[in-house]
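Got some structures for you, see below.
What follows is a pair of complexes built around chain A, which joins chain B in one and chain C in the other.
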Partner chain A sequence: MSSIQQYIDLYESCSSAVDAGSTAVMNLPRRDALERLRGAKLPSRGDENYEISDLEDVFAPDYGLNINRISAANVDIDEPFRCDVPNMSTSLFYFFNDTYYDDNIVRPALSAGVIVKSLREAGETHREILEKYYAKIAPMDDAQVALNTLLAQDGLFVYVPAGVVVERPIQVVNLLRAESPLMVNRRMLIIIEAGAQARLLVCDHTQSPGVKFLNSQVLEVYVGENSVFDYYDLEESSIDTSRVSSMWLRQAAGSNVLVNGMTLTNGFTRNNYRIDINGEHAETRLLGMAIADGRQHVDNHTHISHNAGYCHSDELFKYVLEDEARGSFTGKILVAQGAQKTQAYQSNRNICAESARMHTKPQLEIYTDDVKCSHGATVGQLDPDALFYMQARGISCQEARTLLMQAFMSDIIDGIRLEALKDRLRHLVEKRFAGTLAQCRNCLGTSCHGKMKSIEKRKN
Partner chain B sequence: MLTIKDLHANIEGKEILKGINLQVNAGEVHAIMGPNGSGKSTLASVLAGNPAFTVTGGSVVFNGKDLLAMSPEDRSHEGVFLSFQYPVEIPGVSMVNFMRAAVNEKRKYYGMEPLSASDFLKLMREKRAIVELDNKLTSRSVNEGFSGGEKKRNEIFQMAMLEPKLSILDETDSGLDIDALRTVAGGVNKLKTANNATIVITHYQRLLDYIKPDFVHVLYKGRIVKTGGPELALVLEEKGYDWIKQEFDNMRGE
Partner chain C sequence: MELTDKNIKNKTILDEAANGDYKYGFVTDIDTHVIPKGLNEDVIRYISQVKGEPEWLLDFRLKAYRHWLTLEVPHWAHLNIPEIDFQDISYYAAPKKKEGPKSMDEVDPELRKTFDKLGISLEEQMRLSGIAVDAVMDSVSVKTTYKERLAELGVIFCSISEAVRDYPDLVKKYLGSVVPYTDNFYAALNSAVFSDGSFVYIPKGVRCPMELSTYFRINAADTGQFERTLIVADDDSYVSYLEGCTAPMRDNNQLHAAIVEIIVEERASVKYSTVQNWYPGDKNGKGGIYNFVTKRGLCRGDFSKLSWTQVETGSAITWKYPSCVLAGDNSVGEFYSVALTNNYQQADTGTKMIHLGKNTRSTIVSKGISAGYSQNSYRGLVRVAPKAINSRNYTQCDSLLLSSTSGAHTFPYIDIKNDSSVVEHEATTSKINEEQIFYCNQRGISTEDAIGLIVNGYAKEVVAKLPMEFAVEAQKLLQVSLEGSIG
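What follows is the complex of A and B.
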């Protein structure tokens, strides 16, 4: 039996509580979601597009849900920022598990007409906007989307009206904290109207080490004509956190979109990025990085669809995998018939220890003649010549590896269009690599082992 | 300073060094010459600790310590410097960060505090002048997009920064035009003191016009087969290596 059944049972036993804890617009599609989920299965390992990730497995455990919307007490919202992303001069918003948290938070006023608030609340105050956009582009025949639609009660609503430039970046901090296993269902609806500009930074933090979390989220993003939208997604969760996130983004003519997904610490992560370029002269840059060791699992599945001509997309994902880490990247680019003069570039580069595994799958489907498309994938190790060169200058093997891995990630960080975040991320990545090496003396790279071996051999 | 005794080394099972003996004292300049494939660069790599080579016999004592037991970074801290024949490009690592890490790790090794940012930049400025290295290059990634001459100048700049006791210059003259050669050699000479020593590995005599050796050794088939004064380099320049090859091969009956 599919692990979906337990969620169907749960919903059927308390559908009125689910509805009561949400808003009419979010309640409306639940029926449809429920019907589609009956008899459905989540993708399992080996299914198409799920070479390494098993969602049936991920959704199978018995997690608690906060259906009655019991509010968060004693939330220490400062905790993750002491070490991570302080002083970014952002407009800060918080989610505690899947509940919007707004107690006594003072922040500067947003630009005129800009709305950033709880989706549930927006259902009351801006019902007509939600009715027009909610659950419209995330397709219900995707089981994870249907499940999220069935169970999500709250989320984030961002609305930037036409022509408004939001100078101050919007930062959303998602905190996971619980004493027993918890599933959160988050939903985001983001609408950037024509000629508007906004930058959104979303940080995932898990504050309860040792507690299992399942974070299932669905994002729907509308990017209007000639608008500019940056979306930065930074995951720093725990080894016991599973995350399944799918973004459905539609961009109109002349728009410019940057999406950057960064996984620094996690347990199991599957990110789906589906971008539809529906108008001419649009630009898309999709970036991603994953740093994984231990038994971390990072799977990014991307699909960029060029549905109109004269657009440019550029995609780059980089992974550093150590220990028993597992990584996967799928990059599908579809150039529809008639999308003339499309330029689509894709690259996936990986540094993978011998004990780790990386799966990479570029997929180009082109139905038009006059296009420029390219893709490339590499899996390798750190350059032993560069390591030796640095060691010969007195830099320790550990430090040399850290510098090289940081350097490897530099183009992902350089792609960030937010100076303060760029600096911050450089620091975080440095800490991440340095921490990894300090934790695990056994997982120093092969070339350093090589060195040790040659010395030992001589002594014998 | 450096005593090499019966040093044997191989790479992927192939023996390259077949018993090297060499004594280098403080204040001396030794030139090691020899035909292609004789083992000159291997000797340099082995002394610096390149893990690609395996030492199968012999000993190397450097200032009383067993050099071969040390990691490459500790050899550097102890004062061994290799100027690479092919300096490695490291995209994404800036020269400044690279040098700061190198200088500060050495200081750490000797129990000293890291240099302050201003002292470090002052040091960089001072040492850059020795080889006339462009300021722009130090703000770029290590060796990335450097011309051949700039790479070699950069090696000598790093040597100046680290103030080694023993510098091994591996084919530092290769790929240099005459002006660059003069600058690089000038840098090496400026850094020379009575307390440090230099091993110059070269195929040609021309570098030795600028860096005057006290001893010239000829390496052939993994052994030093001839040692002489500076005049030996001139003989080699005139007569080539064939006569030495013949002499050696006849002697061994090969």
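What follows is the complex of A and C.
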């Protein structure tokens, strides 16, 4: 029996509670989702593009759900500050599990007309926008999307009106905290209207070590004509956290999109990126990085569809895998018929050490002739000559390895279009390779300097 | 359009090209023995009986058939395959023979004419090029030439039916050892109904002095061809094997589901070259051969080597992945391929390199060319097992697009399970370079010829790997297959 059944049973037994904890627009597609889920199966190993990830397994355990929307108690407001990016002032928003958290948070006003709030609330205040965009591009025939649509009660809503440039990056901190195993269904709806510009930084953290979490999220992103949108997703969760995230992004003509997904610490991660380029002269840059050791599992799947001509897409994913870590990259570039003068590049580079395993499948599907497309994939090790060279000059083997791996990841970090975040990530990656990321958290959490600065910022 | 001399000339060339592109489309009028359509255990028993096969082979066939019944037609390839009615195919067709020919003179003159048309005159080849030819027409091997010479060295080169009769131990030992009947749908089908094919055994330390060659031809209508090739290269031996395929023009689709199994022992080396030119269907995609082939070689011994070279220009649908299982330490696998599709042809082809032994190396060079409304896919797998330390793979697959209505796709699967192996994959897709065409035009070379030149240059890396006789044919084929595709 498919592991979906338990969720169907759950929904059927408390559908009114689910609806009550949400908003009308989000309740509307639940019926359809339920019908789609009957008899459906989550993708499992052996299915195309799921060579190493078994979602049936991931969704099978019995997790608790916060259907009655019991608000988060004992929220440690200081904890989030470890996500603080020095020298960068952001508009901060918090989610505790899948609940939008807005108590006692003072933040500077957003630019005129810009809306960042909980989806549940937006369902009341901006119903017409939600009706137009909610659950429209993430297709229900994807079982994970349907399951998320069935159960998600809240999420993030970002709306940037036409022509507005949001100077200050928007930062969303997702915190997972619970006493017992918890499933989190999160939804994000992001609408960037024509000519607008915005940057969004999303950080995932798990605060309860040893507790199992399942984080299932679906993002729908609309990027309007000639607009610019940067999306950074940084995952620092725990080995007991499973995350399944699907992003569905639609780009209009002349738009410029940067998506950067970074996995530093995690348990099981499956990220789907589906980008449809529907207008001419649009640009897309999709970057990804994964550093995994122990029994970490990182699986990224990308699908960029060039549906219009004269567009440019560039995709680069880099992995460093050690110990028993498992990595997978399955990517596809599809150039539709008539999408002439397309330039699409895809690359996946991996360093695989010890008994780590890497699975990669970079695909091209091209239905027109006037294109320049390439893809490449490599799996290899650190250059022994370079290691030797550095050791001959008095650098310890461990340090030399760290330096080389950092250099390997620099392409991804250099792609970030926020100077302060770039510095911060360099630091985090360095700590991650040195194996001191956990300590770094504590030191940031308790250092007076970090805290004071954050509090100052909060008051500003 | 004004009918100037030049236009008229161009028009005739184009007409010629458009109509005369498949030059192997003729039907040989030979008395053929065809059994009624349909497939069941009786048909298999009948095939086995006609061929005078031993009990164990019939068992093998029946087991395969029963397994086949449990399988479903695979749909994972990037191909649009019309539903095939497996009961609407005749599973056995053989040229009627009174007695086996004792010498060349006794070979049916019609048959010999066929081979002359194909450009593989048996006598010519015996005398001049020294190639030993095993010609398989429809389902039965007609004549294996040059046998005496090979027999002196202990090389066995005969049809698989003869091998079953004369060398049952060898066949029993190796048949199905690389491609078991449980492998896939078409392998199971082939194992159940295979009618003939070639068997090659190269004894220890023997370097086969000539190229061995098979020519396959489907002649009778509504028949499927299910040949089976088994090549065994014992320790320290070497053989180069060539395979050519053609079929006459027919409106309906014909099925070809073959199996090639190769076993390479210690320090042995096998080179397998294919020029596949089955009938690709007409310009509207009508007719043509469905070419669903399972080819796999097992490099069992240390320091063994297997090299696949293929030039694929024919068939309406090609589904073919010549693979190497690199089990022996330091073994080497190679795959060089040119796949050209035109009109409504579809190809999903590539290779699998399975690295199991230490220090194993593999190279993949694949060149796809798509024209007309065709779809051309490369699908490959490189798998490095945990014990295959220090293994190395290099893959390059390029696609060239000649029309805006054609498609070129790449599906590489890379699966690495150890930390000392290096795997590289590169692929590019681009349009034919207009500047190069312009350059040729300026020097008085027509666009059609220019494209032929550019395509041949593009495919040179692979064609150069073919034995000389095949290389010339392959170059011509590439040019011929592209004629009339400029648009």
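By our rule, the second predicted complex is superposed on the first by the 427 of 460 C-alpha atoms of A that agree within 3 Å, B and C clash if a C-alpha of one lies under 4 Å from a C-alpha of the other, contacts with A are read in each partner's own complex, and residues count from 1 in each chain.
As a working rule, a contact is a pair of C-beta atoms (placed from the backbone, for glycine too) under 8 Å apart; a residue touches a chain by one contact, two chains touch by 3 or more.
Please read these numbers as outputs of a predicted model, since none were measured by experiment.
Enquirer: State whether A:Thr125 touches chain B only (first), chain C only (second), both chains, or neither.
Expert: neither
Enquirer: Would you check which partner chain A:Leu403 touches, where first means chain B only, second means chain C only, and both and neither mean what they say?
Expert: first
Enquirer: Answer with first, second, both or neither: which of chain B and chain C does A:Gln5 touch in the superposed model?
Expert: neither
Enquirer: If we overlay the two complexes on their shared chain A, which of chain B and chain C does A:Ser13 touch? Say first, second, both or neither.
Expert: Once the two structures are laid over each other on A, A:Ser13 reaches no partner at all.
Enquirer: With the two structures laid over each other on chain A, which partner does A:Gly394 touch: chain B (first), chain C (second), both, or neither?
Expert: first
Enquirer: Scan A:Arg357 for contacts with chain B and chain C and give back first, second, both or neither.
Expert: Second partner only, chain C.
Enquirer: Quick check for you: in the superposed arrangement, does A:Ala377 touch first (chain B), second (chain C), both or neither?
Expert: Second partner only, chain C.
Enquirer: Take the contacts of chain A with chain B and those with chain C, and give the residues found in both.
Expert: Correct list for chain A: none, the interfaces share no residue.
Enquirer: Provide the residue numbers of chain C that touch chain A in the complex, in ascending order.
Expert: 76, 78, 386, 399, 401-432
Enquirer: Which of the residues in chain B end up touching chain A in this complex?
Expert: 48-56, 68-69, 71-73, 75-77, 81-82, 84, 87-93, 97-98, 101-102, 105-106, 109, 141, 158, 162
Enquirer: For the complex, which residues does chain A have touching chain B?
Expert: Of all residues in chain A, those touching chain B are 383-386, 388-397, 399, 403-404, 406-408, 410-411, 447, 450-451, 454-455, 457-459.
Enquirer: Any idea which chain A residues touch chain C in the complex?
Expert: Answer in residue numbers: 48, 51, 337-338, 340, 350, 352-381.
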